[in-house]
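This is the structure I have questions about; it appears just below.
Order of writing sets the chain letters: A, B, C, D and E. Residues in each chain are counted from 1.
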Amino acid sequence: MIIGVVTGSVIASQHTQNMTGLPLRVVQRVDPTGSISDSYLVAVDVLGAAPGEYVLIASGSTARQTTMTDGKPIDAIIIGIIDTWQIDGKARYEKTSASMTST
Amino acid sequence: MIIGVVTGSVIASQHTQNMTGLPLRVVQRVDPTGSISDSYLVAVDVLGAAPGEYVLIASGSTARQTTMTDGKPIDAIIIGIIDTWQIDGKARYEKTSASMTST
Amino acid sequence: MIIGVVTGSVIASQHTQNMTGLPLRVVQRVDPTGSISDSYLVAVDVLGAAPGEYVLIASGSTARQTTMTDGKPIDAIIIGIIDTWQIDGKARYEKTSASMTST
Amino acid sequence: MIIGVVTGSVIASQHTQNMTGLPLRVVQRVDPTGSISDSYLVAVDVLGAAPGEYVLIASGSTARQTTMTDGKPIDAIIIGIIDTWQIDGKARYEKTSASMTST
Amino acid sequence: MIIGVVTGSVIASQHTQNMTGLPLRVVQRVDPTGSISDSYLVAVDVLGAAPGEYVLIASGSTARQTTMTDGKPIDAIIIGIIDTWQIDGKARYEKTSASMTST
(Lines give C-alpha, C1' and ligand atoms only; values in the text may rest on other atoms or scores of the structure.)
Protein backbone atom coordinates (compact mmCIF):
# COMPACT_ATOMS: atom_id res chain seq x y z
CA MET A 1 0.00 0.00 0.00
CA ILE A 2 1.00 3.60 -0.33
CA ILE A 3 0.08 6.65 1.71
CA GLY A 4 -1.72 9.49 -0.03
CA VAL A 5 -3.74 12.58 0.68
CA VAL A 6 -7.17 13.15 -0.87
CA THR A 7 -6.92 16.28 -3.00
CA GLY A 8 -9.72 16.01 -5.53
CA SER A 9 -12.44 14.02 -7.24
CA VAL A 10 -13.48 12.83 -10.68
CA ILE A 11 -16.93 12.59 -12.29
CA ALA A 12 -17.31 10.25 -15.28
CA SER A 13 -21.00 9.81 -16.13
CA GLN A 14 -20.21 7.70 -19.20
CA HIS A 15 -18.49 4.57 -17.92
CA THR A 16 -18.21 0.79 -18.20
CA GLN A 17 -20.69 -1.59 -16.58
CA ASN A 18 -21.14 -1.76 -12.79
CA MET A 19 -19.36 1.51 -12.08
CA THR A 20 -22.50 3.44 -11.03
CA GLY A 21 -22.28 5.00 -7.59
CA LEU A 22 -18.61 4.35 -6.89
CA PRO A 23 -17.05 7.66 -5.73
CA LEU A 24 -13.70 8.40 -7.36
CA ARG A 25 -11.09 10.44 -5.51
CA VAL A 26 -7.81 11.94 -6.70
CA VAL A 27 -5.17 10.89 -4.17
CA GLN A 28 -1.64 12.32 -4.30
CA ARG A 29 1.20 10.19 -2.98
CA VAL A 30 3.01 11.29 0.19
CA ASP A 31 6.70 10.45 0.60
CA PRO A 32 8.34 9.26 3.88
CA THR A 33 9.36 12.84 4.79
CA GLY A 34 5.68 13.78 4.69
CA SER A 35 5.73 15.97 1.60
CA ILE A 36 3.07 15.61 -1.08
CA SER A 37 4.29 14.59 -4.54
CA ASP A 38 2.84 15.17 -8.02
CA SER A 39 2.37 11.40 -8.37
CA TYR A 40 -1.30 10.48 -8.03
CA LEU A 41 -3.91 7.80 -8.49
CA VAL A 42 -7.67 7.94 -8.94
CA ALA A 43 -9.06 5.55 -6.31
CA VAL A 44 -12.51 4.26 -5.44
CA ASP A 45 -13.58 5.52 -2.03
CA VAL A 46 -15.98 3.24 -0.12
CA LEU A 47 -15.07 4.84 3.25
CA GLY A 48 -16.13 8.44 2.70
CA ALA A 49 -12.69 10.03 3.00
CA ALA A 50 -12.78 13.83 3.19
CA PRO A 51 -10.48 16.15 1.23
CA GLY A 52 -7.23 16.64 3.12
CA GLU A 53 -7.40 13.27 4.87
CA TYR A 54 -4.46 10.87 4.66
CA VAL A 55 -5.40 7.45 3.35
CA LEU A 56 -3.98 4.03 2.47
CA ILE A 57 -4.31 3.00 -1.18
CA ALA A 58 -4.19 -0.58 -2.46
CA SER A 59 -3.70 -1.19 -6.18
CA GLY A 60 -4.14 -3.86 -8.82
CA SER A 61 -6.30 -6.95 -8.36
CA THR A 62 -6.26 -6.15 -4.64
CA ALA A 63 -8.70 -3.30 -5.29
CA ARG A 64 -11.38 -5.88 -6.08
CA GLN A 65 -11.15 -7.69 -2.71
CA THR A 66 -14.17 -5.94 -1.15
CA THR A 67 -17.87 -6.69 -1.61
CA MET A 68 -18.39 -3.23 -3.15
CA THR A 69 -15.66 -3.62 -5.78
CA ASP A 70 -15.69 -7.39 -6.49
CA GLY A 71 -15.79 -8.03 -10.26
CA LYS A 72 -15.62 -4.33 -11.17
CA PRO A 73 -13.01 -2.75 -13.47
CA ILE A 74 -11.28 -0.96 -10.59
CA ASP A 75 -7.52 -0.97 -9.97
CA ALA A 76 -7.15 1.35 -6.95
CA ILE A 77 -9.10 1.67 -3.70
CA ILE A 78 -8.86 3.57 -0.44
CA ILE A 79 -8.63 0.78 2.17
CA GLY A 80 -8.12 2.92 5.27
CA ILE A 81 -8.30 6.46 6.60
CA ILE A 82 -5.10 7.07 8.54
CA ASP A 83 -5.26 8.13 12.21
CA THR A 84 -1.55 8.36 12.70
CA TRP A 85 1.59 7.50 10.79
CA GLN A 86 5.02 7.49 12.37
CA ILE A 87 8.59 7.00 11.14
CA ASP A 88 11.58 6.50 13.45
CA GLY A 89 9.26 6.88 16.42
CA LYS A 90 8.09 10.38 15.41
CA ALA A 91 4.60 11.12 14.11
CA ARG A 92 4.58 12.29 10.51
CA TYR A 93 0.86 12.91 10.70
CA GLU A 94 -1.98 12.75 13.20
CA LYS A 95 -5.57 13.11 12.13
CA THR A 96 -7.21 16.19 13.64
CA SER A 97 -10.10 18.35 12.52
CA ALA A 98 -7.46 20.92 11.44
CA SER A 99 -5.98 18.46 8.97
CA MET A 100 -9.15 18.54 6.91
CA THR A 101 -9.95 21.15 4.33
CA SER A 102 -13.41 21.83 3.01
CA THR A 103 -14.51 21.48 -0.58
CA MET B 1 -6.79 4.46 -12.20
CA ILE B 2 -5.00 7.26 -13.96
CA ILE B 3 -6.28 10.21 -15.93
CA GLY B 4 -5.29 10.51 -19.58
CA VAL B 5 -6.21 12.28 -22.76
CA VAL B 6 -6.92 10.39 -25.98
CA THR B 7 -4.32 11.52 -28.53
CA GLY B 8 -4.13 8.72 -31.08
CA SER B 9 -4.97 5.22 -32.20
CA VAL B 10 -3.29 1.98 -33.22
CA ILE B 11 -4.18 -0.55 -35.93
CA ALA B 12 -2.76 -4.06 -35.63
CA SER B 13 -4.41 -6.38 -38.15
CA GLN B 14 -2.15 -9.30 -37.18
CA HIS B 15 -2.95 -10.08 -33.54
CA THR B 16 -3.56 -12.82 -30.98
CA GLN B 17 -6.89 -14.59 -30.67
CA ASN B 18 -10.08 -12.74 -29.68
CA MET B 19 -8.71 -9.28 -30.36
CA THR B 20 -10.86 -8.63 -33.45
CA GLY B 21 -12.93 -5.45 -33.24
CA LEU B 22 -11.44 -4.00 -30.06
CA PRO B 23 -10.54 -0.34 -30.77
CA LEU B 24 -7.11 0.63 -29.46
CA ARG B 25 -6.43 4.22 -28.38
CA VAL B 26 -3.19 5.95 -27.47
CA VAL B 27 -3.82 7.73 -24.17
CA GLN B 28 -1.25 10.13 -22.70
CA ARG B 29 -1.12 10.53 -18.94
CA VAL B 30 -2.16 13.85 -17.40
CA ASP B 31 -0.50 15.01 -14.17
CA PRO B 32 -2.34 16.70 -11.25
CA THR B 33 -1.47 20.18 -12.57
CA GLY B 34 -3.35 19.31 -15.75
CA SER B 35 -0.38 19.11 -18.12
CA ILE B 36 -0.03 16.23 -20.58
CA SER B 37 3.05 14.04 -20.16
CA ASP B 38 4.98 11.87 -22.60
CA SER B 39 3.97 8.79 -20.60
CA TYR B 40 1.31 6.83 -22.44
CA LEU B 41 -0.60 3.59 -22.65
CA VAL B 42 -2.46 1.89 -25.48
CA ALA B 43 -5.91 1.11 -24.05
CA VAL B 44 -8.96 -0.73 -25.33
CA ASP B 45 -11.87 1.68 -25.83
CA VAL B 46 -15.34 0.16 -25.41
CA LEU B 47 -16.93 3.58 -24.75
CA GLY B 48 -16.20 5.40 -28.00
CA ALA B 49 -13.96 8.11 -26.56
CA ALA B 50 -13.15 10.89 -29.04
CA PRO B 51 -9.69 12.36 -29.58
CA GLY B 52 -9.05 15.12 -27.03
CA GLU B 53 -11.37 13.67 -24.42
CA TYR B 54 -10.11 13.03 -20.89
CA VAL B 55 -10.57 9.46 -19.73
CA LEU B 56 -9.97 7.11 -16.81
CA ILE B 57 -7.68 4.18 -17.49
CA ALA B 58 -7.56 0.95 -15.49
CA SER B 59 -4.60 -1.40 -15.91
CA GLY B 60 -3.57 -4.99 -15.30
CA SER B 61 -6.01 -7.82 -14.64
CA THR B 62 -8.62 -5.12 -13.97
CA ALA B 63 -8.81 -4.46 -17.71
CA ARG B 64 -10.49 -7.86 -18.13
CA GLN B 65 -13.39 -7.13 -15.74
CA THR B 66 -15.89 -6.23 -18.47
CA THR B 67 -17.93 -8.55 -20.69
CA MET B 68 -16.17 -7.17 -23.77
CA THR B 69 -12.66 -7.83 -22.46
CA ASP B 70 -13.11 -10.93 -20.26
CA GLY B 71 -10.49 -13.57 -21.09
CA LYS B 72 -8.72 -11.40 -23.65
CA PRO B 73 -5.00 -10.51 -23.61
CA ILE B 74 -5.69 -6.88 -22.69
CA ASP B 75 -3.94 -4.97 -19.88
CA ALA B 76 -5.39 -1.44 -20.19
CA ILE B 77 -8.94 -0.18 -20.74
CA ILE B 78 -10.78 3.14 -20.78
CA ILE B 79 -13.36 2.71 -17.99
CA GLY B 80 -14.85 6.22 -18.06
CA ILE B 81 -15.04 9.43 -20.07
CA ILE B 82 -14.45 12.29 -17.65
CA ASP B 83 -17.05 15.07 -17.30
CA THR B 84 -15.15 17.03 -14.73
CA TRP B 85 -12.07 16.64 -12.61
CA GLN B 86 -11.23 18.93 -9.71
CA ILE B 87 -8.30 19.35 -7.32
CA ASP B 88 -8.42 21.52 -4.19
CA GLY B 89 -11.95 22.53 -5.13
CA LYS B 90 -10.95 23.95 -8.52
CA ALA B 91 -11.84 22.32 -11.83
CA ARG B 92 -8.81 21.10 -13.73
CA TYR B 93 -10.98 20.10 -16.65
CA GLU B 94 -14.62 20.27 -17.73
CA LYS B 95 -15.84 18.43 -20.79
CA THR B 96 -17.12 20.82 -23.44
CA SER B 97 -17.38 20.58 -27.17
CA ALA B 98 -14.31 22.85 -27.34
CA SER B 99 -12.20 20.27 -25.52
CA MET B 100 -12.53 17.85 -28.41
CA THR B 101 -10.39 17.89 -31.50
CA SER B 102 -11.33 16.23 -34.75
CA THR B 103 -9.40 13.43 -36.37
CA MET C 1 -0.38 -2.06 -23.63
CA ILE C 2 2.76 -0.34 -24.74
CA ILE C 3 4.29 0.09 -28.18
CA GLY C 4 7.72 -1.35 -28.82
CA VAL C 5 10.08 -2.29 -31.59
CA VAL C 6 11.60 -5.75 -31.87
CA THR C 7 15.37 -5.32 -31.58
CA GLY C 8 16.68 -8.69 -30.45
CA SER C 9 16.12 -12.15 -29.08
CA VAL C 10 17.04 -14.35 -26.13
CA ILE C 11 17.91 -18.06 -25.96
CA ALA C 12 17.60 -19.79 -22.59
CA SER C 13 17.91 -23.56 -23.02
CA GLN C 14 17.73 -24.17 -19.25
CA HIS C 15 14.28 -22.99 -18.16
CA THR C 16 11.26 -23.72 -16.01
CA GLN C 17 8.55 -26.17 -17.05
CA ASN C 18 6.39 -25.60 -20.15
CA MET C 19 8.66 -22.97 -21.66
CA THR C 20 9.90 -25.15 -24.54
CA GLY C 21 9.35 -23.64 -27.97
CA LEU C 22 8.20 -20.18 -26.91
CA PRO C 23 10.25 -17.61 -28.88
CA LEU C 24 11.55 -14.75 -26.73
CA ARG C 25 12.07 -11.31 -28.26
CA VAL C 26 13.77 -8.22 -26.86
CA VAL C 27 11.35 -5.33 -27.42
CA GLN C 28 12.39 -1.73 -26.75
CA ARG C 29 9.71 0.75 -25.74
CA VAL C 30 8.82 3.55 -28.17
CA ASP C 31 7.64 6.91 -26.77
CA PRO C 32 4.78 9.02 -28.23
CA THR C 33 7.21 11.10 -30.31
CA GLY C 34 8.30 7.86 -32.02
CA SER C 35 11.81 7.61 -30.59
CA ILE C 36 13.11 4.32 -29.22
CA SER C 37 14.05 4.27 -25.54
CA ASP C 38 16.48 2.13 -23.54
CA SER C 39 13.55 0.67 -21.62
CA TYR C 40 12.84 -2.88 -22.76
CA LEU C 41 11.01 -6.10 -22.02
CA VAL C 42 11.61 -9.67 -23.08
CA ALA C 43 8.28 -10.84 -24.51
CA VAL C 44 6.95 -14.13 -25.84
CA ASP C 45 6.24 -13.91 -29.56
CA VAL C 46 3.47 -16.17 -30.83
CA LEU C 47 2.92 -14.03 -33.97
CA GLY C 48 6.31 -14.28 -35.65
CA ALA C 49 7.26 -10.60 -35.42
CA ALA C 50 10.35 -9.71 -37.45
CA PRO C 51 13.21 -7.54 -36.18
CA GLY C 52 12.38 -3.86 -36.75
CA GLU C 53 8.63 -4.38 -36.58
CA TYR C 54 6.53 -2.31 -34.21
CA VAL C 55 4.42 -4.37 -31.83
CA LEU C 56 1.94 -4.12 -28.99
CA ILE C 57 3.04 -5.65 -25.68
CA ALA C 58 0.74 -6.77 -22.88
CA SER C 59 2.19 -7.47 -19.44
CA GLY C 60 1.41 -9.26 -16.20
CA SER C 61 -1.31 -11.89 -15.84
CA THR C 62 -2.65 -10.65 -19.19
CA ALA C 63 0.26 -12.40 -20.92
CA ARG C 64 -1.33 -15.75 -20.00
CA GLN C 65 -4.66 -15.05 -21.74
CA THR C 66 -3.82 -17.00 -24.90
CA THR C 67 -3.97 -20.76 -25.51
CA MET C 68 -0.20 -20.82 -26.15
CA THR C 69 0.70 -19.08 -22.88
CA ASP C 70 -2.05 -20.23 -20.49
CA GLY C 71 -0.57 -21.50 -17.22
CA LYS C 72 2.99 -20.68 -18.23
CA PRO C 73 5.41 -18.49 -16.22
CA ILE C 74 5.25 -15.66 -18.74
CA ASP C 75 4.66 -11.99 -17.89
CA ALA C 76 4.96 -10.26 -21.29
CA ILE C 77 3.61 -11.12 -24.73
CA ILE C 78 3.43 -9.55 -28.18
CA ILE C 79 -0.34 -9.32 -28.82
CA GLY C 80 -0.24 -7.48 -32.15
CA ILE C 81 2.02 -6.44 -35.00
CA ILE C 82 1.29 -2.78 -35.69
CA ASP C 83 0.21 -1.68 -39.19
CA THR C 84 -0.09 1.97 -38.37
CA TRP C 85 0.01 4.17 -35.33
CA GLN C 86 -1.09 7.78 -35.31
CA ILE C 87 -1.05 10.66 -32.83
CA ASP C 88 -2.92 13.95 -33.34
CA GLY C 89 -4.03 12.66 -36.73
CA LYS C 90 -0.49 12.15 -38.04
CA ALA C 91 1.06 8.74 -38.63
CA ARG C 92 3.99 8.05 -36.32
CA TYR C 93 4.65 4.76 -38.08
CA GLU C 94 3.37 2.76 -41.04
CA LYS C 95 4.47 -0.78 -41.65
CA THR C 96 6.37 -1.15 -44.93
CA SER C 97 8.99 -3.57 -46.10
CA ALA C 98 11.53 -0.76 -45.52
CA SER C 99 10.73 -0.68 -41.82
CA MET C 100 12.17 -4.15 -41.34
CA THR C 101 15.79 -4.92 -40.82
CA SER C 102 17.33 -8.32 -41.29
CA THR C 103 19.03 -10.33 -38.55
CA MET D 1 10.62 -9.31 -3.89
CA ILE D 2 12.46 -6.25 -2.70
CA ILE D 3 14.59 -5.66 0.38
CA GLY D 4 13.49 -2.99 2.82
CA VAL D 5 14.05 -1.79 6.34
CA VAL D 6 11.18 -1.30 8.78
CA THR D 7 11.14 2.39 9.71
CA GLY D 8 7.61 3.09 10.90
CA SER D 9 4.01 2.08 11.28
CA VAL D 10 0.52 3.19 10.33
CA ILE D 11 -2.75 3.14 12.28
CA ALA D 12 -6.00 3.33 10.32
CA SER D 13 -8.97 2.59 12.59
CA GLN D 14 -11.48 3.31 9.83
CA HIS D 15 -10.87 0.70 7.13
CA THR D 16 -12.45 -1.73 4.68
CA GLN D 17 -13.78 -5.13 5.72
CA ASN D 18 -11.50 -7.85 7.14
CA MET D 19 -8.61 -5.51 7.89
CA THR D 20 -8.97 -5.66 11.70
CA GLY D 21 -5.82 -6.73 13.49
CA LEU D 22 -3.41 -6.66 10.57
CA PRO D 23 -0.32 -4.67 11.64
CA LEU D 24 0.84 -2.17 9.01
CA ARG D 25 4.52 -1.25 8.76
CA VAL D 26 6.27 1.46 6.76
CA VAL D 27 9.15 -0.23 4.95
CA GLN D 28 11.75 1.80 3.03
CA ARG D 29 13.46 0.20 0.07
CA VAL D 30 17.18 -0.60 0.32
CA ASP D 31 19.32 -0.48 -2.84
CA PRO D 32 22.07 -3.02 -3.72
CA THR D 33 24.77 -0.80 -2.18
CA GLY D 34 22.94 -1.06 1.12
CA SER D 35 21.70 2.54 1.36
CA ILE D 36 18.11 3.31 2.32
CA SER D 37 16.03 5.17 -0.25
CA ASP D 38 12.99 7.44 0.08
CA SER D 39 10.93 4.87 -1.81
CA TYR D 40 8.61 3.03 0.56
CA LEU D 41 5.63 0.72 0.88
CA VAL D 42 3.16 0.12 3.67
CA ALA D 43 3.16 -3.66 4.18
CA VAL D 44 1.19 -6.07 6.35
CA ASP D 45 3.43 -7.68 8.95
CA VAL D 46 2.39 -11.16 10.07
CA LEU D 47 5.92 -11.98 11.34
CA GLY D 48 6.41 -9.36 14.03
CA ALA D 49 9.29 -7.50 12.40
CA ALA D 50 10.93 -4.93 14.71
CA PRO D 51 11.90 -1.40 13.65
CA GLY D 52 15.34 -1.42 12.05
CA GLU D 53 15.07 -5.01 10.81
CA TYR D 54 15.66 -5.80 7.15
CA VAL D 55 12.80 -7.63 5.50
CA LEU D 56 11.62 -9.11 2.21
CA ILE D 57 8.48 -7.56 0.72
CA ALA D 58 6.19 -9.23 -1.80
CA SER D 59 3.66 -7.11 -3.69
CA GLY D 60 0.46 -7.40 -5.69
CA SER D 61 -1.77 -10.48 -5.69
CA THR D 62 1.16 -12.33 -4.09
CA ALA D 63 0.43 -10.53 -0.82
CA ARG D 64 -2.78 -12.57 -0.51
CA GLN D 65 -1.03 -15.98 -0.65
CA THR D 66 -1.03 -16.55 3.12
CA THR D 67 -3.85 -17.75 5.36
CA MET D 68 -3.80 -14.45 7.25
CA THR D 69 -4.16 -12.28 4.13
CA ASP D 70 -6.21 -14.49 1.78
CA GLY D 71 -9.16 -12.54 0.32
CA LYS D 72 -8.16 -9.28 1.99
CA PRO D 73 -7.56 -5.95 0.21
CA ILE D 74 -3.81 -6.10 0.81
CA ASP D 75 -1.14 -5.51 -1.85
CA ALA D 76 2.12 -5.73 0.14
CA ILE D 77 3.35 -8.14 2.82
CA ILE D 78 6.51 -8.85 4.75
CA ILE D 79 7.31 -12.47 3.78
CA GLY D 80 10.64 -12.82 5.58
CA ILE D 81 12.92 -11.22 8.16
CA ILE D 82 16.42 -11.20 6.69
CA ASP D 83 19.29 -12.87 8.56
CA THR D 84 21.94 -12.03 6.02
CA TRP D 85 22.12 -10.55 2.56
CA GLN D 86 25.23 -10.68 0.41
CA ILE D 87 26.30 -9.26 -2.95
CA ASP D 88 29.46 -10.32 -4.80
CA GLY D 89 30.31 -12.59 -1.88
CA LYS D 90 30.34 -9.76 0.69
CA ALA D 91 27.69 -9.33 3.35
CA ARG D 92 25.64 -6.16 2.90
CA TYR D 93 23.82 -6.84 6.15
CA GLU D 94 23.82 -9.33 9.00
CA LYS D 95 21.11 -9.34 11.60
CA THR D 96 22.44 -8.54 15.06
CA SER D 97 20.85 -7.00 18.12
CA ALA D 98 22.72 -3.79 17.20
CA SER D 99 20.83 -3.53 13.92
CA MET D 100 17.59 -2.93 15.76
CA THR D 101 16.42 0.41 17.01
CA SER D 102 13.75 0.91 19.61
CA THR D 103 10.41 2.61 19.01
CA MET E 1 10.39 -10.59 -18.48
CA ILE E 2 13.56 -8.70 -17.78
CA ILE E 3 17.19 -9.71 -18.09
CA GLY E 4 19.33 -9.68 -14.97
CA VAL E 5 22.59 -10.97 -13.61
CA VAL E 6 22.79 -12.96 -10.39
CA THR E 7 24.92 -10.95 -7.96
CA GLY E 8 23.94 -12.16 -4.52
CA SER E 9 21.66 -14.08 -2.22
CA VAL E 10 19.38 -13.60 0.76
CA ILE E 11 18.78 -15.79 3.83
CA ALA E 12 15.57 -15.24 5.79
CA SER E 13 15.07 -18.05 8.32
CA GLN E 14 11.95 -16.41 9.77
CA HIS E 15 9.39 -16.35 6.98
CA THR E 16 5.75 -16.89 6.04
CA GLN E 17 4.28 -20.33 5.45
CA ASN E 18 5.50 -22.58 2.60
CA MET E 19 8.69 -20.63 1.98
CA THR E 20 11.05 -23.33 3.35
CA GLY E 21 13.73 -24.43 0.91
CA LEU E 22 13.16 -21.82 -1.80
CA PRO E 23 16.56 -20.28 -2.67
CA LEU E 24 16.46 -16.49 -2.96
CA ARG E 25 18.85 -14.69 -5.31
CA VAL E 26 19.61 -10.99 -5.71
CA VAL E 27 19.36 -10.25 -9.43
CA GLN E 28 20.42 -6.86 -10.84
CA ARG E 29 18.73 -5.62 -13.99
CA VAL E 30 20.76 -5.38 -17.20
CA ASP E 31 19.90 -2.67 -19.76
CA PRO E 32 19.87 -3.19 -23.56
CA THR E 33 23.45 -1.88 -23.88
CA GLY E 34 24.55 -4.71 -21.58
CA SER E 35 25.47 -2.63 -18.53
CA ILE E 36 24.33 -3.66 -15.06
CA SER E 37 22.07 -1.22 -13.23
CA ASP E 38 21.44 -0.61 -9.52
CA SER E 39 17.85 -1.75 -10.00
CA TYR E 40 17.34 -5.22 -8.54
CA LEU E 41 14.85 -7.86 -7.48
CA VAL E 42 15.07 -10.76 -5.08
CA ALA E 43 13.87 -13.79 -7.06
CA VAL E 44 13.21 -17.43 -6.27
CA ASP E 45 15.69 -19.68 -8.06
CA VAL E 46 14.41 -23.16 -8.92
CA LEU E 47 17.04 -23.64 -11.66
CA GLY E 48 20.27 -23.37 -9.69
CA ALA E 49 21.63 -20.23 -11.33
CA ALA E 50 25.25 -19.46 -10.42
CA PRO E 51 26.55 -16.02 -9.46
CA GLY E 52 27.46 -14.07 -12.61
CA GLU E 53 24.97 -15.88 -14.81
CA TYR E 54 22.46 -13.92 -16.87
CA VAL E 55 18.88 -14.90 -16.24
CA LEU E 56 15.29 -14.14 -17.23
CA ILE E 57 13.04 -12.90 -14.43
CA ALA E 58 9.24 -13.06 -14.42
CA SER E 59 7.30 -10.99 -11.88
CA GLY E 60 3.90 -10.75 -10.24
CA SER E 61 1.32 -13.54 -10.30
CA THR E 62 3.40 -15.11 -13.09
CA ALA E 63 5.96 -16.14 -10.48
CA ARG E 64 3.45 -18.66 -9.10
CA GLN E 65 2.97 -20.52 -12.42
CA THR E 66 5.35 -23.37 -11.56
CA THR E 67 4.74 -26.44 -9.41
CA MET E 68 7.44 -25.30 -6.97
CA THR E 69 5.95 -21.83 -6.44
CA ASP E 70 2.20 -22.43 -6.87
CA GLY E 71 0.24 -20.87 -3.99
CA LYS E 72 3.34 -19.39 -2.36
CA PRO E 73 3.82 -15.69 -1.49
CA ILE E 74 6.40 -15.18 -4.24
CA ASP E 75 6.39 -12.32 -6.75
CA ALA E 76 9.61 -12.90 -8.73
CA ILE E 77 11.20 -16.03 -10.19
CA ILE E 78 14.13 -16.95 -12.41
CA ILE E 79 12.44 -18.69 -15.37
CA GLY E 80 15.53 -19.23 -17.54
CA ILE E 81 19.31 -19.17 -17.55
CA ILE E 82 20.38 -17.26 -20.65
CA ASP E 83 22.70 -18.91 -23.21
CA THR E 84 22.85 -15.96 -25.53
CA TRP E 85 21.17 -12.62 -25.92
CA GLN E 86 21.48 -10.48 -29.04
CA ILE E 87 20.35 -7.01 -30.11
CA ASP E 88 20.51 -5.71 -33.69
CA GLY E 89 22.11 -9.01 -34.71
CA LYS E 90 25.05 -8.66 -32.32
CA ALA E 91 25.51 -10.79 -29.21
CA ARG E 92 25.31 -8.77 -26.03
CA TYR E 93 26.18 -11.85 -23.98
CA GLU E 94 27.15 -15.47 -24.51
CA LYS E 95 27.33 -17.90 -21.64
CA THR E 96 30.84 -19.24 -21.13
CA SER E 97 32.66 -20.56 -18.12
CA ALA E 98 34.47 -17.19 -17.99
CA SER E 99 31.20 -15.38 -17.41
CA MET E 100 30.77 -17.02 -14.02
CA THR E 101 32.33 -15.84 -10.82
CA SER E 102 32.71 -17.92 -7.70
CA THR E 103 31.07 -17.19 -4.36
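As a working rule, a residue touches a chain if its C-beta (ideal position, glycine included) is under 8 Å from a C-beta of that chain, and two chains touch if they have at least 3 such contacts.
Because the structure is a prediction, the values reported are computed rather than measured.
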{"item": "Path length in the contact graph (chain A to chain C, fewest steps)", "value": "2"}
{"item": "Neighbouring chains shared between chain D and chain E, ordered by label", "value": "none"}
{"item": "Between chain A and chain E, centroid-to-centroid distance (C-alpha), Å", "value": "34"}
{"item": "Euclidean distance of C-alpha centroids - chain A vs chain B, Å", "value": "21"}
{"item": "Per-residue overlap in chain A, given as positions that touch at least 2 other chains", "value": "60-61, 63"}
{"item": "Pairwise touch network: line, ring, star, complete, or other", "value": "ring"}
{"item": "Round-the-ring chain order [start: chain C; next: chain E]", "value": "C, E, D, A, B"}
{"item": "Complex contact set, residues of chain D against chain A", "value": "7-17, 19, 24, 26, 28, 38, 40-43, 51, 60-61, 63-64, 71-76, 101-103"}
{"item": "Residues of chain D defined as touching chain E within the complex", "value": "1-3, 31-33, 46-47, 55-56, 58-63, 65-67, 77, 79-89, 92"}
